[in-house]
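Reading through the structure tokens given below for one structure.
Letters A, B, C and D name the chains as they come in the text, with residue numbers starting at 1 for each one.
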Amino acid sequence: MLIPDYYQFLIHPKIISGKCSLENIPSELNGYDAQKPLVITGKNIMERGLVKKFIKAFYDSTVTLGGIFDEVRDYAGISLARDAAFLYKERGCDSIIALGNGTVVDLAKAVNVLVSEKIDNLSAYHEGASISRQLKPLIIVPACRSNGMEATNVMTIDNRRITADFLYPDVIVIDPRMTPGCCPECVAESGVIALTHAFAALTDEAHNPMTAAVAHPALSYLSEYLPKGVTRPKNKDASIALANASVLAASAYSNTRPGMADLLAEELSIITGISVGKYMRILLPSLIADMQKKKIKISDELFLSLVGMEAYAATPVQERPQKGLDAAMKLINSLKGLLPKSLEQLKIQKYKLAEVARVAAERSAERFTDADCRTVLEQAWEGSAV
Amino acid sequence: MLLPSFYDFCCRVKTISGNKALEKIPALLAGMNAYRPLIITDKGVASAGLVDVVKKAMENKLKIGAVYDDVPMDSDYKIVNDAVRVYRQKGCDSIIAIGGGSVIDTAKGVNIVASLGGDNLLDYEGYGAVKRKLKPFVVVPTTAGTGSEMTLVAVITDPDRKIKMNFVSYFLLPDLAVLDPRMTRTLPAFLTASTAMDAMTHACEAYFCIEKNPISDSFAFRAITMISENLLNVVKNPGNLNGRLALANASTMAGAAFSNSMVGMVHNLGHTVGALCHVPHGVAMSIFLPYGLEYNLHRSADIIGEILFPLAGPEVYASTRKKHRAERVIELIRKLNQDLHDATGGKHPRFLKEIYDRNGSPVVPQSMLPVIAQAIMLDGARLTNPEELLPEDARMVLEHAWEGTPLDRKKIKKGGRKVKY
Amino acid sequence: MQEIKGTNDRILEIDLSAKKFRVTKIGKKDRNMYLGGKGLALKLLYDRMEPGVDPLGEKNMIAFMMGVLMGTGAPCSGRFEAATKSPLTGIMSTASCGGPFGMALKTSGWDGIIISGKAKVPVYLYIDSKGVQLKPAKAIWGKDTGAAEAVLSKEGVGALVIGPAGENLVRFANIRSGHRFLGRGGMGAVLGSKNIKGIVAKGGEVKIVPAKKKKFDRSNKRFFKYINQNSITSGSYRYYGTNANTNLSNAAGILPVRNFTGGSHGEAHKISGETMAERFKTTWDTCKPCIIMCGHKGMIEGKERHIPEYETVGLLGHNLEIFDPVVISEWNDICAGMGMDTISSGGTLAWAMEATEKGLVKTNLKFGSTDGISEMLRNIAYRKGIGKDLALGSKAASKKYGGEDFAMHVKGMELPAYDPRGCFGHGLSYATANRGACHLSTSLFVLEAYLGMADPYAMRWKHYMVKFMENAYAAMNSLHICQFTAFAVFLEPPLIKLTPNFIIKILNQNLAPLALNLMDVSLWPELWHATVGKTYIPFVSMLKFRKAGERVHVLERYMNTREGISKKDDTLPLRLLTEGRKCDSKERSVPLEKMLKKYYRLRGYDSNGIPKKRTLKRLGIEIK
Amino acid sequence: MNINKYPEIQPGKKLIKRIYVAVFMWFFARAIQAAAKVDEEVKKEVETIPANFTLRLIVNPEKAFPLFFYAKMLPRFIVDKGILLYGLQMIMGKDKKGKFRYQGSDPRGKKINLSMAFTSLEAAMMVFTFRESLCTGYAHSRFVVEGDLPFAQSIMRIMDLTAVFLLPKIVAKLVVKRYPKWSEMSPLRKYLNRVLVYLRMFTV
């Protein structure tokens, strides 16, 4: 196994997963000397009735929920964060629980910064200051539709990213009562995002044994449960495995540099407002096809993670990296027609692609060139690789 | 991959690894607003010149508050209190621990008192006494084996009451674990062997004990790979820095794995033998590991069989039939012990009766075995072993381990249902 | 002088890249199906443009299409329509204007022009009955609209010009003709991207008469009567301009205050049309020909200035919490000179103010303070400093700096000055309007909030009202006739006029299809038929006319869906959907989702808001 | 912003589960007490435990199950016996005579040597409804052991054996890691002890 000359690795959150794990929250809070969390959640989660189940988990504890702030929708902005921070202060809360994914978690992180640093806007951090203090305890309870960034040290607030190790959530609670998907598309999207993140973590030249160790179970779960999860989104086993995969992929991802598919999908998503998952489903196959064409050398960890030991051992050494790409392609294509297959089908205006490629190449710190990005995007526009 | 019905995993230690890892400490400490660390270490480490290596690597960039090097073999709460005094006197704001298990445990204790105030560690005894973030805490392991840098437990003795106090809290986890091959370069071959086998045991037990979970499995898997690929090589060529780095990585990853999935009977026996006969931990581990696997074979044969993959490589794994894999694993571990025994010129013992102290007398007399067997009931690792382990079972295992003969598998009592993860 | 009966049907197609032009004829089928104006403009672009082209690229086209009734002497008919792919929204945008250019082009013998390609150097176009000439515009490039227009007007009867904003590709730059503007959707930037500073038409070369003079005169007489009877068209608008809306909006609680956080304000009367008329001694300054005469000018601080329209007052006034008519008209003049849409400028400024307050951007703008606004408007026009990003509109700026939740736009186009939380039907129409947040696609706020003819908070049948009005207005914009005539046409026929308002309200609420279908809009089709020379069959022709309106609307929608528009874009700013206002005791927000579903079904769209094949087939729209 | 839209939520109570756990604990404690008298192996384990050793089994958080709330309403003799609805904890101790006895559920004035604390009521339900064995429960962090850890193993062993006596094989197999074979525990001893344990549970 190859160990890079230098690497850093951190997976900060405590992950609690499985049956009856919601009931651990009071004791986890107690470990932080917290008694009164503010719950931040989304309207759709309220509507799906998950909040009721969530409240039940706090029965027979001494934890008072300081309020359930359920105003979060598809956008996390400072106005909403200020409202939630106001509620937090009025109620005298001492910790935050984010019930949901994506924007809910982003908002919770922002609220955490606001209340911990006692400020009312984030302009200092937008301008480059770094968060260097311990924040309040933040617990995350994922529901469906992940954006893949919950478990990372990144928060996207008002479309701007702030990265700091203190932004890692402290505890992630994956409970089968919360994870079942709302629809096959949503499960597929979350799965694709996790796959893309794990893929980026393993195909990066600078990956290290620890990121590989975290990405491995993520990919194994994805290859085993994604096809099942999209056909039966309510299945508890599949949903919990996929939620685990999502968290683990994010953990691996936050310790590596973003891959090309991630960058392009993020940029496209900002421009058009369509979720990253849809783009990744299109971009990842084109990226893989491109890698296959260029015969880029990658480690065989990808193959091992996706197909397991038996199949890995049964394959000749030199074929393993390539077979890994094939397996990833096969997995993503098992989604069939669930998500759009080309940018054209998504009706992306073609003239926007040049700009996207340029920004992505810029963000990649010279790892990918503008032309590389363009090639992948063009292919994705036609959807020929899918 | 196995999906347990429940698991938790926490390993919030930032690991930095590499040939120049030590040089990164000042910048990372500055990121946590710490600029004046106290170095805690023991005499052995200090005399080996390792503290100087660290100091040199950080020169000019960081002001060292003080170096405290009085940590004994078994960490003691009085030493902790003493170190806290030094910490306060010199106005330090963070801690760097350089050393093995006891140094790290002592430093954890120092961190508790230094961060939470007071001057006596005993005030913080008991579960859940530590409820907030402590001072920045860096660990530079020098043994590549214990994995203490990844555990949330600090075992500190109270010589007055003659008990071992357990301090357990996620806040005890260090902020940084620094893996630099320079720190393990001077480790003698037989110690390298036994510490690495310690890490191997952590990894193997993490892999098959009942609290196993996907992340710890994956960490253990890679740890086993790295150890089996590098151990013999490093023992034969002590200057192999890449191999050293791999072992350090493996040890830390095994630490991350076992601190989350707990260990089983190998540790149970090892702890007991260590406590009663002062057998070095690593040595006990390497001796009991094959027996631990053998004892649990009927319970989790497939899982133990999977260990063959990292241990021997995919080719051997593929060419071995499924039902023989677990046995092959045990065989290979025994062979590894044998190889180490040969490579160290007999300094690496294979059975209990081969362990001698400095005077050349055997450390574990056969007469002690029943006492040891009875005493296994005092150790918690018994609980997480897949198969039930009672004193009479332990005695049977111990006798075989003493003699160096494989277990008579017919003698192992069976009768449980399938292990539920 | 040559006389043209009805329509000329000649279109001038100009390819700037090739420096060529050609003349095409409008087919009979197109004329019957798409009437003229907006409908034809869209249809012609639909035939010529690929989806996915860059709005500021060479492949984009802009069409100017003259009204069918223009030049015939019908009241308020001096209007023309422009259509292009908008750089602000990235989808089709149409705008209407009553400036002198229309009449000039039409009397040069053209029903419309379509411009494509890009000139290599800045030019202006000179159009007469023979064709077009490209003339270098070096001398006027960089000048403000007033100065540039003064130069161009010497060469012909009417001109179109863009200002510095258009040259600098400000996404909401507009095009000026006289005192009127092709306001919304950034048409100025499209011309700017093609290096066209202006277009001038010689005019006065042909004369236009309706084909069936007698019938035309009969209808026309009725039209005049209705307009002069109606209390709005012959009363408040005539004397106070559109700004008469301020007091009405304030009373109804649909007056946006402080970037749409409030719905009424105690000081609003200071900038109302009534106050301004009194204070500035206003006189008329309108499109020609017009008998409503909503445009006004007055002596403001010793200078003769155009009185700002309601939208300008709304977005640059109370929405920024500024209640000084003098500064507002000053900013109005700056926007006019720079060639920028006042609605989008004001909306973007309001966003910038709130974003500053929340620490997302750094500017010196503040709600209630006039400091720095004139400077910022110029910075936007010249794209200096933060103006560079604000010039992309509030949507793009909020994508970059955050604050999407309070960026008040739909599909990228900033919201006009009617808060839909006080008129739900209008909220639905904002969401579904083709070009973005548009108050002119239905103007339902009039029925809901001003006249009390529909319950503003009821959701029942609102989808039907929206569809009906959208079709009617699309047809009207294809005629093309001033939208304010709708007050007269809808409200003056005896049946409606004699029914008490509360009964209409009850009917609208419970039996909207019946109530709306009883509305007699026969005047418009009668005029159209008389002009083009077709026989008007009572009722049947009116239904066909309404279907043509539907066709135009659905065609535009279909063109937009090809650019990626779907249900996700048919929404309102988050603030309107989630936050209540203090002025409303129930703190209501717009329940869009429920209305939208019904609307789609009624329109024949699928659940994602894409027109179904069946619908397109029924309307005779060719599927591409 | 109107904060009344987001009310504070006080934790509710799952009454039936509470009663189940309370009753179960009472039975279980009595059963251990009985087994310690009846069975030799249990006796032997008890002997390894030092004198004055006190064990507490509790469902956390302690404050959520007010100890003295019910005590006010119930007759004195029930309170003294520590029966039933008296907080969700049980205390067992080795008295001076070396007998392992149930000491009610009132921890006041007692020095607790070893405490086994379930993290929540649901966690206790998991174990007490035999969905998870004691070991699995421990592995799944359903309870936390603190205090004199060395004796925790003996206590677990005692509990395992008690479970074998109390429960039919099919259930007991869920609870213990290895169900004793005939060679380890003769059926005679098992069934006899089962009868005796049940008898003593309800009589003494």
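Methods note: a contact is a pair of C-beta atoms (placed from the backbone, for glycine too) under 8 Å apart; a residue touches a chain by one contact, two chains touch by 3 or more.
As the structure is a computational prediction, the values presented were derived from the model and not from experiment.
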Relative to chain D, chain with the most remote C-alpha centre: C
Pair sharing more residue contacts (C-beta pairs) when A-B is set against B-D: A-B
Distance between the centres, which are taken as Cα means, of chain D and chain B, whole angstrom: 34
Chain B-chain C separation of Cα centroids, rounded to whole Å: 75
For chain A paired with chain C, centre-to-centre distance based on mean C-alpha positions, whole Å: 43
Per-residue multi-chain contacts in chain B, two or more chains: 5-8
Per-residue overlap in chain C, given as positions that touch at least 2 other chains: none
Multi-partner residues of chain A (each touching 2 or more other chains): 18-20, 24, 30
Chain pairs in mutual contact under the definition given at the outset: A-B, A-C, A-D, B-D
Complex contacts: residues of chain A adjacent to chain D: 18-20, 23-24, 26-27, 30, 55-70, 83, 86-87, 90-91
Chain A to chain B touching residues, read off their complex: 1, 3-21, 24, 30-33, 130, 132-134, 165, 168, 208-210, 212-214, 216-217, 220-221, 224, 237, 240-241, 244, 248, 308-310, 312-314
For the chain A and chain C complex, residues of the former touching the latter: 71, 73, 75, 77-80, 82, 120-123, 126, 157-160, 270-274, 346-351
In the complex, chain B residues that touch chain D: 5-8, 126-127, 163, 166, 210-211, 262, 377-380, 382-384, 386-388, 390, 413-417, 420
Touch list for chain D against partner chain A, complex: 1, 3, 6-14, 17-18, 59-61, 63-65, 119-123, 126, 140-141
